[in-house]
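Two complexes are shown next, each including subunit A; its partner changes from subunit B in the first to subunit C in the second.
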Partner chain A sequence: MGYRPAPDFDRPDAQSVQRSRRMATWLIPLIVVQQGTVIFGQHSDRLTQLLATIAWITVSLAMLWILLGLPMRWLSERDQAIVNDERSKSVGRDAAAWGMAALILIASAMMIARLFVPLDPGIAIYGLVNSALIVAILRYGWLNRAEPGEDE
Partner chain B sequence: MNQRSMSEKAEQLSRRRARALPVLGIIFLAQQASFLSMPGDASRPVDHLKISAWLVLTIVLLAGLATGGAWFRPRAVRELVNDESTRAHRQLAYVYGFWAAMGTALGIYVVNMFEVVSGRDAVHIIVTVAVATALLNFGMLERRALRDA
Partner chain C sequence: MNDRLANRLKERRAELGLTQSELADLCTVSRKTINTVENGVFVPSTLLALKLASALGLSVEELFWIEH
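Let's look at the complex of A and B:
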């Protein structure tokens, strides 16, 4: 009895990961906004809010994974080296610096705003994390965009 | 100022910065005990003053980290103080600070589900952790580089 080798035509490679990264950086901010409306929606019940919170934390960790350049074990060593090359690391660091700057600016604005309006902790953390992450991820997307001559 | 004396000055400033930044990071962290022990609804003028002082200190520390300090030195010395390796260390320090902030924020969000954390405290803790982590990392990386040089 013979076995056919597992098809590998749909296995992710460096190019497909790069394409996904480029697409995800523009989609993720929309997902975060949509999640926020569920988490803080007036008509959402407790279970819906909990599920939306878990989804939010998952999306946030996925964004951190992209930015941090953590090893993607499901790729071959060669593809990992391509995906996390020196340029990608540099782009991730630059994006993190932008995220850090956004974090401090928004936190300062919140500390001033709380003098005039009550600051809900859930919304404050959600706003702070997402604003910083979205700035970082958009910067990442901008620096990581395809070059004009690059084959997509 | 000739090239040799500028290099010596830059070297001296780099060493001083590498010594000072981790200490500043620890002092910055230690100072937060007085802020976090304030009552949650603190709205006296002195509380606003304390918060303003914390904000100013945070911004000054970050400005020092971002520019490398030596603000009142000649431009040539500043450029020597901010060489390629210092810029790389700074970027890495931002990365660590950013991840520390994100991790802390997610942690506080989960804690907030079980025990109420005020919005002011949440923002305060996140920013403090971010700035202190970045400062400590930058200082440590610089110290290691100077030691290995």
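Let's look at the complex of A and C:
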């Protein structure tokens, strides 16, 4: 009796990772906004807030993973090189710069706003961090949008 | 100064009958990278320029030049 070799059809490759990464960059901001409403919702109990916070941390780490182009050990070495090639890293750097710029601008706006409107520290931190991350991830998504067909 | 890196990647690729995907495979990069280099959107590193030139059987200077 021999073991059947593992099927290849469901193994992720560079192209499938690029496709899902492309999709995730547009979906993640929506998830972050939805989680924000749960974390700071007036009717959310302590457990719901805890679960939403864990979910938010997970999504934020996924964003960092995408932006920093961290290695994906489940891919072959060749597929990893393709997924994180030099253009992809350059796009990540560009997006990170946009995120940093957004962080500075939004923080400045908040510092001015707090003179006129009372700001809740939790909401302010959540808004600041996520606005910067969302700007970075949207920039990443835009630069990494689907390429035209062959020879276009 | 408005210097721009021009290239004859597309012409050479067509001469050799290679698709963007095949060239990308030869250089271990994504097709998007080949596409953006061809269209002048992304400026490749020296390493990638050398890989592209080698895959297309040309020198880097024959493949890329500066357009003023």
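Here, the second predicted complex is superposed on the first by the 149 of 152 C-alpha atoms of A that agree within 3 Å, B and C clash if a C-alpha of one lies under 4 Å from a C-alpha of the other, contacts with A are read in each partner's own complex, and residues count from 1 in each chain.
The rule is short, and it goes like this: a residue touches a chain if its C-beta (ideal position, glycine included) is under 8 Å from a C-beta of that chain, and two chains touch if they have at least 3 such contacts.
As the structure is a prediction and not an experimental result, all values here were calculated from the model.
By the touch criterion defined above, A:100 reaches subunit B but does not reach subunit C. In the overlay built on the shared chain, the residue A:14 is in contact with subunit C alone; subunit B does not reach it. Once chain A of one complex is fitted onto chain A of the other, the partner contacts of A:122 are limited to subunit B, with no touch recorded for subunit C. Touched residues of subunit A were counted for both subunit B and subunit C, and B has more of them. Once the two complexes are overlaid on the shared chain, A:60 sits against subunit B while remaining clear of subunit C. In the superposed model, A:108 lies in contact with subunit B only, and not with subunit C. Look at A:81: by the touch rule set out above, it reaches subunit C but stays clear of subunit B. On subunit A, the surface touched by subunit B in one complex and the surface touched by subunit C in the other have residues 90 in common. Of all residues in subunit A, only 53, 57, 60-61, 64, 68, 90, 92-94, 96-97, 99-100, 103-104, 107-108, 110-111, 114-115, 118-126, 128-129, 132-133, 136 touch subunit B in the complex they form. By the touch criterion stated above, subunit B contacts subunit A in their complex at residues 48, 51, 55, 58-59, 62, 91-92, 94-95, 97-99, 101-102, 105-106, 108-109, 112-113, 116-124, 126-127, 130-131, 134.
Contact residues on subunit C toward subunit A in their complex (touch as defined above): 10, 19-21, 24, 28-33, 35-37, 42, 44-45, 47-48.
Across the complex, subunit A meets subunit C through its residues 14, 18, 78, 81-83, 85-88, 90, 144, 147-148, 150-151.
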